[in-house]
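In the two assemblies presented below, chain A is common to both, partnered first by chain B and then by chain C.
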Partner chain A sequence: MTNRLQTLGTRGALAVVLVVLALVPVVCTTFFTSQVGLTSLWLGIVAVSLTFLSGYGGMVSLAQTALFGVAGLVTARLSVESGWDPWAAALVGILAATAVGLLFGAVASGSQGIYFLIITLAFAQVAYFYFAAVPTFGAHEGINGVRPPAVLGDPVQDPARMYWFLLAVSVLVFLGLRHVSRTAFGLALQGVRDDPVRMAALGYNVRLHRILGFTLAAPVAGAAGVLSAWSNTRMSAGSISLAIAILVLTAAVIGGLNRLEGAWVGALLYTLCDTYLRGWTDRFTTWLGVVFLVIVLVSPGGVVGLVSSAATWLRRRLPGGSAPPAVPSAPAPPVPVSSGGAR
Partner chain B sequence: MAIQTAAARRSTPRPRARLPVAATAAVLVGALGLLGVLLQAFDKGLGTEGNVPTFILITLNGLTLAGLYFISASGLTLIFGLLRVTNLAHGALFLLGGYVALQLVQDAGMNWWLAALLAMAASGLVGLVVHQLFLRWNQGQDLRQALITIAVSLILADQMLARFGATPTAIAPPEFLAQPLSLGVYDLSYPRFRIAMLVAALAVGLLFWLVYTRTRVGMVVRAGVDDSQMTSALGVNVQKVFAIAFFVGSALAGLGGVFAGTALSLAPGQDQSFLVSALVVVIVGGMGSLGGAALGALLLGLVDQYAGAYLPAEYANLSALLTFVLLAAILAVRPTGLFGKAR
Partner chain C sequence: MTDPVLRVRGLTRRFGGVVAVGDVDLDIAPGERRAVLGPNGAGKSTLFNLIAGADTPTSGSIELFGADVTSSGARQRTRQGLSRTFQTSRLLTGLTVEDNLYLAAIGVDGGRFRLVRTGRDRAARERARRTAASVGMADRLKTLAGDLSHGEQRQLEIGLALVAEPRMLLLDEPAAGLSRAERQLLTALLLSLDRDVTLLLIEHDMDVALTVAERVTMMHDGVVIVEGTPAEIRADQRVHDLYLGKAHV
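Up next is the complex of A and B:
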């Protein structure tokens, strides 16, 4: 009975959060909606593709920005240079990102842990240097003047509709990935994360699961790329440099690598600091690094992990709280999924 | 590679029958590339008007660059081989060494060699502190350690940007190495300092090899690489060996920075680019393998220079991409690098 109450409570809390988020364009300034709102939503979507891979698949990938860039730049190119309809261009861009994701996944799936991190770093660099060199995609200049679909309005002057669209996509991505994690495939993927040798002995194709998991995260990163190109009306190779890949990793780690919602929390925290702390201190990156360091050292579950352990602690202290572990799904071990599955 | 008895070899089916095909293909592609380079180099005969003088200079550039890569990569591979820590702050320690030497030579008017020594000590000390404070108690959690070193590198890089600014600066070389050296063929001359860099790399390699194979310290290190728990059980203070290895590895990063700052220049962002090349070198050879690092450095240095000079003009700006394609291809075929041990 308490369980059911708690589920209701969690759902109610989520609904309240969603309503508050949906009210942002009405209550807050245009600047806040476009600068903080739009940025943290698309950053959250690309970060969640990494959170999904690392939390459920044990694959910490730096290549998510590469897929993000493939989708964003293909979409920008098709809609600006070839005059395609934005929706069609976005679809092709996301499909391209998925195809590249399949290729990356197939190449990288043989590597584990730290080798996986580094091979995906190589992918990120390949994508960066490719887009920075090829004139078709604007080389270093990038592609400017990307128009989002007319329905979504002007992202700079009137970002409200764009914001709601991004929020809706975020919710869909969250629900979709959470659903995947509960299917047979998702459970097998978590098995592969925890003990690949045992899963192989049980007859699962470990490599195929890793490839499919990686491919599944690719359209999510791709969608974020398209949304970023629409929100900023531009995209260039600089949007997918190594610094940005590390930034996405930072946001995901700060939010919490073993809970999907952590991605958006981390992205929001990052964007808030990026927007307001920069005017306040010159050494913004240092502080970001310090926060990153403290989070990795103290709470591998990130900010979300901190909040949920605080909630559990409170519930235990409050009178009448019988306190079962109330966290609905905390499947992953703390951040470091050690590479030594075979150890 | 485990040594198998003949009987065991007969009874177990060969698991990697496909490997020779891929390896042969890789060697073929490499040979074709080299053939293309040589064809262009000797195209117009051996005369002074031909391409041979340029070819000699480009090869020397490649070899000396390989020396620089080897110096910084040897530290990274030592730390990885012994401690299983992927030190992603290696690039920041590299840049730190360069900047410390720059300050000492330029502002304090110190002798170059003394400055280089102090810079090595500074990088080594910072590395040692990072290891003792943040990494020592996380042993075995390699992804968490990688994340910690990313955070450290963010902080260090930003602090160096604050202190030393963003303008690229170079360290003045020691006086007797400042003049170019006449090569005696085709009236060519080459910077003495770059040759000294190659000699230093050879010296570092030789010293490593002697210490590894001829001394008690080397024996302990090799034992630690193979099984640190067992070594510890035999009464060796493994933590002390780890600390020394981290100090030496970080100091080598600093030495690389001093050389790079003298032969090329120092600027923010170089920490990342040199970290990435050191990673490529180390991964190509197999992490923890010194000979692999030497081979990787040679490959990367030559491929980098030849690709920049000999690729057809319309592809010339793709040369940076080539090294990462090389890395991804090698990891796809051999997930732990050319000489890496499966762990």
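Up next is the complex of A and C:
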């Protein structure tokens, strides 16, 4: 009974949040909708592909921006240079990212922990240098003048429809990944995260599970790449530099690696800071580093973990408020090298 | 005589200069209850790892259910009907008791890659719950494995081995760290196992081992010293010198 009430409560809260988010283009300025809204949504999607891998698969990957770049640049190339329909170009871009994800996964899945991190870092670098060098993808200049599908409008002049589209994709990605985490495949992925030796003893092909988990996250990162190219009407090697790879990791960790929604929370916080604090101080990166450190030290579950602990504390304090058991918060990694836990 | 379910010949495993298991022969008949005894470092866990496929022998051969499995991995042997527990619990600590058992059930049955919930999932879930009840964990289904007490973790460890309905069960010191009452429950559980299941048991606790086992293999320094019935083992002078003497002083 309480369980059902809690589920209803969660659904209600989610609905309220969605309505508020959907009102952003109506209430806020074009600048805010485009600069903060669009950016945090696509950044959130690429970050959630990392949150998923890390939280459910124990794989902290720095290669998500590489997959993001493959999809974004293939899409940009096909639509600008070859005149493809944007949707068709996006589909091919995302498929390309998935294929590369399968390849990356096959290579990296034999390693764990810090070695996995280093291998995926190498993938990120290889992708960066490849796209920075190859003229087909605009080399350092990148590809400009990417046109999103006409139905989504002009992302600069009138970003409302693009914003709603990104919001819808975000919701679908969130629900999709959450569904996967509850299927046999998703549970087994968490089993592999917790104890690969045990999973092998139970009859599982641990490596194959890792590869498939990694491959599953690739189209998510790829979709974010397409949406980024559409939102900014351009993409270049610079969009997937090491700095960006670390930014994605930062956003995911700030939000909280053990909850999918943390990815968007982290992306929003980063984008807000980037938009409004950068002007105040020329030590922006330093301050961001300090904030990152404080969050990691204070709450291993990131901002989302902090909020849910605070909510539990409040409920316990409020008169008459019985304390329902806290949402089990998994032991998140103190540093983003070891495997985290999510459910 | 019926063919053995497990036939081990000349099994050897070296770690550098240490011979953890040296030239061991072992035959286990269908439905047999066999205990492996021996002081710490005798090579019992290493022998189990070799039989389960978690480790590769330096030399020798292993035949399981009539087929040579020396070069096949842990996964294949599990699918053939071999289950094992670990001396130190290896649980999926971030998942609930029920999900642990559910994954153990479908690990052998199939459906490991399924992305939707199907009717077959219900069957596996049902099996997970039944197994939880049989190891005394019916009221802990929704608890995270990482939050269980030591005794409960040992119970779940056995549940994970049982849920797949194995033909052969390897238990590595299942009573380690259990209270007296928990040991009695464990003994009762082992005695109640279906006779179709062959049981190979490493146990430090003589009461559990000699109550459950029909035959006992005594190891020391990687080699088999003596093999016999519990009564013979109790009477054997070498066993007393090596093990009983030390363990019961």
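The criterion applied here is as follows: the second predicted complex is superposed on the first by the 326 of 343 C-alpha atoms of A that agree within 3 Å, B and C clash if a C-alpha of one lies under 4 Å from a C-alpha of the other, contacts with A are read in each partner's own complex, and residues count from 1 in each chain.
Quick note on the criterion: a contact is a pair of C-beta atoms (placed from the backbone, for glycine too) under 8 Å apart; a residue touches a chain by one contact, two chains touch by 3 or more.
Note that the structure is predicted; figures quoted are calculated from it, not measured.
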item: Which of chain B and chain C A:202 touches, first, second, both or neither; value: second
item: Touching partner for A:188 - first (chain B), second (chain C), both, neither; value: second
item: Broader residue contact with chain A after superposition on the shared chain, chain B or chain C; value: B
item: First, second, both or neither for A:212, with chain B first and chain C second; value: second
item: Set of chain A residues, in rising order, touched by both chain B and chain C; value: 342-343
item: Contact footprint of chain C on chain A as seen in their complex; value: 180, 182-185, 187-188, 190-191, 193-195, 197-205, 209, 212, 328, 330-331, 341-343
item: Residue ranges of chain B touching chain A (in the complex, touch as defined); value: 86, 134, 138, 140-148, 150-155, 157-159, 161-162, 272, 276, 279-280, 283, 287, 317-318, 320-321, 324-325, 327-328, 331-332, 335-336, 342-343
item: Chain B contact footprint on chain A (complex, rising order); value: 60, 107-108, 110-115, 117-119, 121-123, 125-126, 129-130, 133, 242-243, 246, 249-250, 253, 282-286, 288-290, 292-293, 296-297, 300, 334-340, 342-343
item: Residues of chain C defined as touching chain A within the complex; value: 52, 54, 73-75, 78-79, 84, 86, 90-95, 99-100, 102-104, 106-108, 111-117, 121, 144, 146, 160, 164
